[in-house]
Amino acid sequence: MNPNLDIIVLSLRVATVATLIIAPIGLLIAAFLVRTRSRWRFAVDLLVSMPLALPPVVVGFALLWLFGGEGPFGDATRGIAFTWFAMVLASAVVAFPLVVRSFVAGLSQVDPRLEFAARNLGAAPWRVAITITLPLARRGILGGLLLGFVRAFAEFGATIVFAGNIPERTQGIPAAIFSRISTGDFNDAWALAAVSIVIGGGALAVHNALVGRAGTTQWEDDSRNA
Amino acid sequence: MNPNLDIIVLSLRVATVATLIIAPIGLLIAAFLVRTRSRWRFAVDLLVSMPLALPPVVVGFALLWLFGGEGPFGDATRGIAFTWFAMVLASAVVAFPLVVRSFVAGLSQVDPRLEFAARNLGAAPWRVAITITLPLARRGILGGLLLGFVRAFAEFGATIVFAGNIPERTQGIPAAIFSRISTGDFNDAWALAAVSIVIGGGALAVHNALVGRAGTTQWEDDSRNA
Amino acid sequence: YPTPAEESTVSPLVFAAASLSDALNDVAQEYERKTGQNVDFNFAGSNLLANQITMGAPASAVFVAGYTPISKLINADKVETGSVSKVLYNRLVLVKHVQRSLPSIESLQDLVGTGSIAIADPATAPAGEYAAAALKSAGAWERLQMQIIPTLDVRAALGAVASKNADWAIVYGTDAMTQKNVEIVLEIASGSSENVPFYYAATISRETTGNRFIKFLHSEPAASIFQGYGFDIVAP
Amino acid sequence: MPSWAEPVLLNGKTIPEMPEDLRHSFLEFDVQVRRGGFSLSTQGRFDSGITAIFGPSGAGKSTLLACLSGELKPDSGMIRSGGETLFSSHDAIHKPPRSFRAAMVFQQGMLFPHMTVRKNIEYGYRLRPENDRSIAVQELIAILRLSRLLHRAPNTLSGGERQRVALARALATSPRMLLLDEPVASLDIRLRNEVLAYLKQVHEKYQIPMLYVSHSLSDIMFLATEAIILESGKVKWFGPARQMVMSAATSAGGSSTPVENIFSGTVTGPDSVSVSTTTLWAPASSFPVATDVTVSISASEIILASQRPQAISARNVLFGTVSTVNRGYTNVIVSVDAGIRLVVEVTPESATELSLQVGRQIYAMFKTSSILVTPA
Amino acid sequence: MPSWAEPVLLNGKTIPEMPEDLRHSFLEFDVQVRRGGFSLSTQGRFDSGITAIFGPSGAGKSTLLACLSGELKPDSGMIRSGGETLFSSHDAIHKPPRSFRAAMVFQQGMLFPHMTVRKNIEYGYRLRPENDRSIAVQELIAILRLSRLLHRAPNTLSGGERQRVALARALATSPRMLLLDEPVASLDIRLRNEVLAYLKQVHEKYQIPMLYVSHSLSDIMFLATEAIILESGKVKWFGPARQMVMSAATSAGGSSTPVENIFSGTVTGPDSVSVSTTTLWAPASSFPVATDVTVSISASEIILASQRPQAISARNVLFGTVSTVNRGYTNVIVSVDAGIRLVVEVTPESATELSLQVGRQIYAMFKTSSILVTPA
C-alpha cells in the first residue's frame, strides 16, 4: 500500500488546491451572478457552466489544446500539461460549475435587508460580506466546497487527457483505479475506490458538522433533544 | 449530420428520462435528509453522494457488476446492460448526488413556519408540499434539475462502461465525441461538443427563466426598472 | 530542452498503452537496476496517447497497441520514422463466463446467433480494431452486427463477460489470464496478423533517452518479463 | 381537571373559580412544554367568547397559541376542542393542524412570499368546502381595505398592510376558532378601531371563539369577554376581561391606564343608557333604543363631592354610600353604592378632605364623555 | 428650501411655518421615491430633538426611514446631516449607509439569525472606535432586561424580546441619529414605559436626534418634541408634537383618544406644579422642586361649573373666562382663560345648560389624577 499512499496524498493535494483556487473565483462569479443586473450575466453563467455540459474528456482535450503549446497562449503555457498543476487545473475546471451553482444558491438566499442592517450598524461592504453574507450563505458555500472537493477528487476524464496518468507524478486515485482495472488488478482497484468513498464520506462529515443544524425555528429547535 | 441528429435526440431522451427518474426519488431523499432527525441520515447521505466520489468509469463497472448475473439481483436484471435504459441508469446514478445536494439546499431554506401557516389554513401535507415547500425551494429544485439534466446529458464514463458504445443504440453525444476524437474526426467532434454546449445553454436559459428574479425585498424590487 | 549532458539525469517519459502497465513497470525497474536510469510512463488508451502527442504532449517515446495510433503519429511527423519498432504482440482470445453454458465454438463463424459479443470499440481501441478485423476475415462481421457490443476498452469487454452482461468477449490473452471467472474458448489466431502488435517509437524534437530504452525492451531480461505476463515477443 | 391559579383580589372581591362543569367550554387544554430554559404549563377552558391573553413580553403567549394551533406539540397534556381530542399525550393522540381548524394570525405575519396578496387570502378559503365558506373574501377585502393590494407581493407591503392581509387570510378559512397574536400592533388608531370592531362583529355573527393576544388594555376592554393573564409560562389569573383590565390597571399603579367601571346596560335614548334602575347620560350614539350595551366609566374620571353640585357640566350626578375604601400609596380606590356600584379613584388627599370611609354618603359625578358605550 | 404643507387649524390657532433659518437643523432632506404605485415625496428639517412620524398604515413612514438611513436610494432629492451631504441626486452624491450613522430599529427586527443575542448587540458596538462608544453595552443589557437572553439565538426569542434586542443593537453603535420604526409595538405596558423612559433619557444624555414612528399618541406625547404627519407619501403636517397629538385626537373625533392640554411647568412641591402663575395639584411624584416639567390635562376630564363647587374631590378648581367655543357634532371644545389657557371638551347638552359662550365666566375643575406630569 505504500505507493497507494502516495497516490492518495497526491489526490488529496490536488483536490485541496483545486478547491482553494476555485473558492475565491467562484465566490466572485457567484456574487456577480446573484447581485448584479448586468447584461453579461447569462454569458458568464453559460461560460461557467460549460464544462458541465461537456464530457470531461472533451474538457481535457480543450485544455490540452489551450495550454499545450498549439493554442492561443502558444509556448508560454506549454510546461503546464502533464504536470501536477495540470491535474489541479483539470479538476478545477470540471468542478467549477458545480461550485458556482451551489454558491449562487447560497448567496441568493441571503436577505439583503440583513446585509443592510449590518451596513447600517457601521460595517463596510467587505465586513458585511465576511460577517453576514458568507455565514448566512454558508449552506450553499460549504455545499459548494464539498461538491467541488469531492468532484475534483474523483476527476478522471479531463485529468487523464490534460495531465496524463504518470505514476508518481500525475497518477491520482482515479487514474490509478483505471490502471489497476486495465491490468486486472481488481483488488487494488476496489481498495482505491473504497478509499475514495471514505475520503468523500469524510468530506461529507466535515461539511455536515460545519453546516450544523440550520433551519431551526422558534418551535423546532434542538433544545428538546438536549 | 443526419446520424448526428439521431445521436442528439438519443442523448436528449436519455437525459430527460434520467432527470424525470431522479427528480421524485431525489426529492424524497432530500426531504428525508432535511426534515428528519433519523440516525440513518448520514448513511443515506453518504450512499447518495458516493457516485460523486468515484470516477464515473468505476461507477460503470459497479453498475455492470450490480445488474449483471453475478450481482445481488442475479439473472433478473441481466438484460439491462448495454441497452438504452442502461444509459438512463448510468447517467441517473452519476447525476443523482448533484441533484440531491441541490434539492437539500433548496428545501433547507424553506421556513417551516410558512409550511405550518399553510397547514394551519387547512392544507394537507401533500398540498403544503406542492403549494408551499416546492415553490419556496424552487431555486434549489430547479437548480438541481438543471444540474441533473446537464450532467446526465454529458455523462460518459459510467455510460460507456455500462451501456457500451453501440452506434444507433447506446451511442449518445459524449460517446460519439469520444469515438470521433479517437478516429481523428476532430471537426465532427467539436461540432458535437458545440451542440452539447448549446443544449446546456438552453437548459440554463430555461432554468433562469423559471427561477425568475427571486430574492427581491421591499426596497429592492424590479418595479423601478419597469 | 535538456542537453546531452543532462540526458542521464532526466528520465524519459514513455506514453504507453494501459494494458502494458504492469509489465512495463517491472521492465522499468529492471532497467533502472541495470542502468541507474529512471523511466516514467504515461498510461492510457493507445488512441488517446496518440492524440495527446499530436497535440503537443511532452512524450519521449510511445509504446502503443495496433498500427492505427503509430501510423497517426508517423503521419503527423511526431515520431522518428526510423525509431519505430514492433516490440511484442498480444494475442486476442474469445472468452466466456465459466458458468455460462453456451454453444461450443470451433471458429468465429460459429458465433453467429449465439449471443452478445463484447469487443473493445473498434473505432477507439486497437484491441477492438483487431477483433473486428478477425471477425471480418472470418467472414462473420456482417452477420454478427446485431450481436456486437462495442465497449470502452478491452477491459470493459472482459468485465461485461465476467459480470455475465455479455455472453462472449474478444479480449487480450493477457487480460483473460487475470480474470478467474472467465475461460478462453478460442484463440483467435496462433501467430499472424490478428495478433495485436505493440509498437515503440521515439518522438521527434525531444531528447533521445527514449532510444536507449528501446534497446533494453528488446533485451533478454525485458523479453522474459513480457513473456511472463503472456505477451509474445517479436524477434528483434 | 383544570384548577385555576390562585385568584387575585380585585377591589376587595375574589374572582370565583371556574365552575367545574362549564357547559359550553369550547376549548379545553392542559399543556406542558419546555423551550430551552422556558417552560409553559397552563390549563384552561374557553367558551365561545373572545378571550384575551395578556402578560409581559416572554410570558409564553405565543407559545400557548402555538400549542393550541397544533404548531407546537406539547411535551405532555391534552387539547380538546368542541368535544374532539386534538392532542393527548396520555392517549398518544396528535391530530394534524388541519383538524384544529384554529386559524392563526401570526405575530410575524407569515405571509406566503411567493403568492400575491389575493392568493394568500384565498389560500385557506379555497380549501374549505363551498357550503362551509361563511365569510366571503370580498367582504374581507373591503373591510380590511385590501383592494388596492391584491396583486402585490407580500414583501412590498408595509407593516400594517401585512397584518391586515394575515388577518384576512385567517378569517377567510371560516375557522372554528381564531388565534390572534397581536393582530393590530402595527395598525394606526383608525384602522385598529375598525379592525377591532370588525372582529367583534365577526364574533357576533359567526360565533367564532377567539383567543386574542394583546398588550393593550383598551383593545382587551373593547373586544374580550374573558381574559387570561400569563406570567412566566403560568396562568396567573383567569376571569372576566373587564375585571382583568381593572386588576392590571390597578396593579400597574399608574394613572395612565384607567381602572374601569363596567356595566351591562340598555339604550334608552339617543344619549342615554340605563344600568339597572339608574339612567346615565352618555355620548350620542346610533344604537337603537333597547339595545343591550356595555357601559364603561373610567374610575379616575369620577368626581366625588359631599354636597350636591349645582350648574355643573358633569351631567351624571349620582348619590350613594361608600361601601369599600382601599388606600394605595398614590391613590385611593373607593366603591360607592349608588344604585349601581361605582369604583372611583381619588387621591389620598381628596379622600382625607372628603373623609371617605365606609358608610359615608356622597355625590358621584361624571361627564357624558367619560362614558364609553359599546355593543354588549 | 422646504416649504411645509398647509398648516392645520388647532383649537383656533395656526401652527406657524418652520422658520427658514432654523439654526440647529440636524437633518435636512427632500426626497422623492416611487415604489410601484406608491410615491413618497417629502421634505423636512429636524433639529436634535425627538421627532415623531405619525400617519396611517401605508403612508410611507418606513419608506421615509429607509431613505434617511441610506437603505433606499431616493429617485431624486437630497439628504444632509450635520452639514454633510449624504445624498444628492443633483450632485450625484450617494454615500454608503455607514456615513449616515443613522442606526435603525427595523419594524421587522432584522436580527442576525446566525449570531447570539450578545453578538447581535455587540456587532455595531465593536465597529465604533473605542473613544466613540458613548453607550455601554452593559447598561443596555440591564435596562432592556436582556441579560437572560444573551446566549440565545434570535429565532428563539419572543416578539417583544426581539424588539428589545433590535433596540439595544442600534443604541450600542452610539449613533449620530436614531431611526425607530415602531420599536415598542409588541412590548407590554410596563416594558413599553420603561423603554420609552430610557429612550428619553438617552436623548437627554447624549443628545441623539431620534425619528420615532409610532401609532400611539400617548407614546408620541411622552417622547416626542416635534412631529410629522405623513399621509400618502406627503407631509401633511409638521410642528410641535403636543399640537400634533391634539390635532390627531380632535380629528379622530372620538372620545377614546383624548384632547390634551399641555403646559410647561415647574415642580413646586411633592404634589404640586405651577404653570405660569397658577399652582395645580398633581399626583405625587419624585421630581425635585424646581424641575421643569410638562404638564398635561385631558380636555375631557375637566368639568365646568357656573358656581364654585364645594367639598369636592376634584382638587383643582380654576376660575376663568370662556375665550373660544367650537361646536362639533358630538362634542363642544371650549377654551377657558383661567390664568392658564384650558381646552375643555363638553357635550353639546352641557354647553347649552351652562350657556357656554365667549365671555362667560366659569369654574373649571379637574382631579389630580387627570394631570400627567412628565419631564420637560
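Assorted remarks:
The chains carry the letters A, B, C, D and E, assigned in the order they are written, with residues numbered from 1 in each.
By definition in this document, a contact is a pair of C-beta atoms (placed from the backbone, for glycine too) under 8 Å apart; a residue touches a chain by one contact, two chains touch by 3 or more.
Fair warning: this is a prediction, and the values are worked out from it, not measured in the lab.
Of all chains, the one whose mean C-alpha position sits at the greatest distance from that of subunit B is E. Averaging C-alpha coordinates per chain and comparing to subunit A, the farthest chain turns out to be D. One inter-chain figure worth recording: subunit C and subunit D are separated by 90 Å, centre to centre, where each centre is the mean of the chain's CA atoms. Subunit C has its Cα centroid 35 Å from the Cα centroid of subunit A. Per-chain CA centroids place subunit D at a distance of 27 Å from subunit E.
Subunit A and subunit D have Cα centroids lying 59 Å from one another. The set of subunit D residues that touch two or more partner chains comprises 35-36, 62, 71, 108, 156.
Counting partners per residue, subunit A has 61, 113, 178, 181, 217-219, 221, 223 as the residues that reach two or more other chains. In subunit C, the residues touching two or more other chains are 48, 51, 159. Touching subunit C in their complex are the following residues of subunit A: 61, 64-65, 68-70, 78, 81-82, 160-161, 164-170, 175, 178-179, 181-185. Every residue of subunit D that touches subunit E in the complex is listed here, in rising order: 35-37, 55-58, 61-62, 107-108, 148, 152, 156, 158-161, 164, 181-182, 185-193, 215, 217-218, 248, 252, 254-257, 271, 281, 283-284, 300-301, 303-307, 309-315, 329-331, 344-347, 349-351, 353-354, 365, 367-370, 372.
Of all the residues in subunit C, the ones that touch subunit A in their complex are 13, 15, 18-19, 21-22, 25, 40-44, 48, 51-52, 55-58, 153, 155, 158-159, 175, 177-179. Per the touch definition, subunit C reaches subunit B in the complex via residues 45, 47-48, 51, 72, 97, 116, 118, 121, 123-125, 148-152, 156, 159-160, 162-166, 181.
Those residues of subunit E that touch subunit A in the shared complex are 69-71, 96-98, 100-104, 106, 108, 110, 112-114, 123-124, 127-128, 153, 155-157, 169-170, 173.
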